[in-house]
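Read from first to last, the chains carry the letters A, B, C and D; within each, the first residue is number 1.
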Amino acid sequence: MAKLYFRYGAMNSGKSTGLLQAAFNYEERGQRVLLAKPGVDTKGDSGIVSRLGMTRSVDFLIPAGSSARSIFAAHAAGDDPDALLQHVDTPPVACLMVDEAQFLEPAQVDDLFRIAVLDNVPVLAYGIRTDFRTRAFPGSLRLLEIAHTLEELKTICRCGRKAIFNTRRVGEAVVFDGDQVAIDGQDVWYESLCGSCYLEVSGGRLGS
Amino acid sequence: MAKLYFRYGAMNSGKSTGLLQAAFNYEERGQRVLLAKPGVDTKGDSGIVSRLGMTRSVDFLIPAGSSARSIFAAHAAGDDPDALLQHVDTPPVACLMVDEAQFLEPAQVDDLFRIAVLDNVPVLAYGIRTDFRTRAFPGSLRLLEIAHTLEELKTICRCGRKAIFNTRRVGEAVVFDGDQVAIDGQDVWYESLCGSCYLEVSGGRLGS
Amino acid sequence: MAKLYFRYGAMNSGKSTGLLQAAFNYEERGQRVLLAKPGVDTKGDSGIVSRLGMTRSVDFLIPAGSSARSIFAAHAAGDDPDALLQHVDTPPVACLMVDEAQFLEPAQVDDLFRIAVLDNVPVLAYGIRTDFRTRAFPGSLRLLEIAHTLEELKTICRCGRKAIFNTRRVGEAVVFDGDQVAIDGQDVWYESLCGSCYLEVSGGRLGS
Amino acid sequence: MAKLYFRYGAMNSGKSTGLLQAAFNYEERGQRVLLAKPGVDTKGDSGIVSRLGMTRSVDFLIPAGSSARSIFAAHAAGDDPDALLQHVDTPPVACLMVDEAQFLEPAQVDDLFRIAVLDNVPVLAYGIRTDFRTRAFPGSLRLLEIAHTLEELKTICRCGRKAIFNTRRVGEAVVFDGDQVAIDGQDVWYESLCGSCYLEVSGGRLGS
């Protein structure tokens, strides 16, 4: 029986690099993988981007409200027009990898669990544990509840300790209000901090 | 800087035994520990009970609505009547251990985090990850979000695989409705199952 | 395919308690386990003793020079005189647990690996990582090389940090010479220390 | 107190990628790292090469017979001619990372331990656990004995299970004789296998 893994980490901990390396390892051994990410990722594209410079397109998006297991099954079977046109053989899928898994809906995480347990395909879900207010994202929460294995991807705080939280910044200011999802861009950016530095910038504020 | 650890496992995975062994290890080296559990643990007593036969009383309960950090500080300082009467010296606390941590309130878990980070006392929180419907308990959820380290205590399913879920049973029947907390007794009991056996008894039902 | 696990820790980290809890978990679910330890354990007895107060006899010893896999197979099949006399049914073995695994011979560790991989029985080997000179024991070394999974059982140093080394003491003196195995007794005892405290008492001496 | 980490994995498990990502994480936060590898790495160059396509030069080699701690101290202090010529400021080193750590001498691993414990600089050592005969390399062995934390970097076997061993191949043939180190090239290559596939190709042969 295959398992559902949740590989979680703070922002900029190397999640996409880890995913791309894992995909490479499978393919180097002649095995087929499928890469996916939630359609609600407001970055709006289909790329998996490593800060080390590598990029790769996902095989499919998982739109809001959709069944991740049905979409997976269709792609695993090769029922996509491109493959059919090319008469591509469709070997079994050795692994499904999902980036930005924090943005999945809880029911879609349940789907990933069924893909692992019922379809016997290992699922590696990479994602952020909590938002800038230290609350789990919907997808992260469900993964923390039901994943067979929780594996932390570590990164460091500016002080050298392990970073576990993400602070949202607008310019130099740290903000604690706003929507859960505000993609980093010109104004908004995120800094991963350890517990001590987080409590310092938050004035002791955590979830409460 | 000390850390907050969440050692989670399915029911009957040996959490209380692990806690008692950890306490023993500290005390054997001449160090002082404090043991606590939530007051809302409806077993209604102050004992930490290992199925291997060991029992020990907690040093304090954490009642609903209370500040875990204040109660801890008072006990760490030796402000309890028994200690004062005995003129007991109060060495610093080397570790705080919390059993049944799934029943803590989220704000009390935030307190545990502050005890670790601000008071520099390691906190070992032992608890169950999810209820009989595979949903996190309030305390577990907050621990999954903010603990510095998540460590799984393993146990096995009747089929030999690793158990990750807890099913509620009334006699032989598996039930999926009812309050989140129903302490096991004559009628109600729990069985820890792996993902495959859980989906079998639930007819494919998970959270969704 | 089952796996060989090496659960290692410094002395007095709760290895035997962990083993007894794991055995209890299996048996509580109606599954059969076998407990073993090396015959060369110079404590000379057949007991697994937890410092928390529990004791249990092993099902068999693994004498020096013997094949651990053959002995296991005989006991798994119920070919021991006691069982035959009692006409005991012999259900399959769900798990083999080995205490004091650091004293196994390397070839016996290879046997444990084959029991896991070829006989499909999970093997939990509990043992100490290194001797009082920070050198692996023969059994530990082989387990560190080939176990599928290495899991640390933690305990603490007198300073509160994680202990990883074992110092040998004769009375209050710390000694760095002598046989690798000198069972603790009236004169000789061991103290688990962190790296910092070890380097302090050793005057900076490690393996070199 | 800083720690010595051994991140071990079978060949082609992504060790160099992991190292480069970890270095990137530190530097992105404005912190200084040093990268090193043993001089005896018979690849004979000073590059850290990820199969994903990234390459980076080490800051220094650790030649056979040398003191890793002295070389580290000199580079940390900026006593290298290039830096002096450029009047480069030398901020403290936040992390030392060592690739191909299996080729270190045991005394050099002891040096890494002292760098962590006495100089308070975290050391990340990446390396292979065992050779093609399932025996630890000298550096791996010492790291398995004394590293504060052992972390496995996973990869997969051709069968889809976790690979833990490395087989040496000359063309299609699997060989079990020869020097411990034979760098892969035109004739010699390595395949990472799980325990089951290894025992199959070795005819049941392991270390014994």
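Criterion: contacts are C-beta pairs under 8 Å (C-beta built on N, C-alpha and C of every residue); 3 or more make two chains touch, one makes a residue touch a chain.
Predicted model only: the values in this text are computed from it and were never measured.
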Where centres are the averaged C-alpha coordinates, which chain has the largest centre distance to chain B?
D
Report same or different for the chain A and chain B interface, where same means the shared residue numbers exceed half of all residue numbers found there.
same
CA centroid of chain A to CA centroid of chain C, Å
39
The distance between the C-alpha centres of chain A and chain D, rounded to whole Å, is 28
Chain C: positions in contact with at least two other chains:
none
Here the pairs of chains that touch are A-B, A-D, B-C, C-D
Within the complex, chain C is touched by chain B residues 12-14, 17-18, 20-22, 24-26, 28-31, 51-54, 94, 122, 155-158, 160
Using the touch definition from the top, list the residues of chain B that touch chain A in their complex.
1, 4, 106-107, 110, 113-114, 116-118, 129-130, 134-136, 141-142, 144-146, 148-150, 152, 161-162, 164-165, 194-196, 199, 204, 206-208
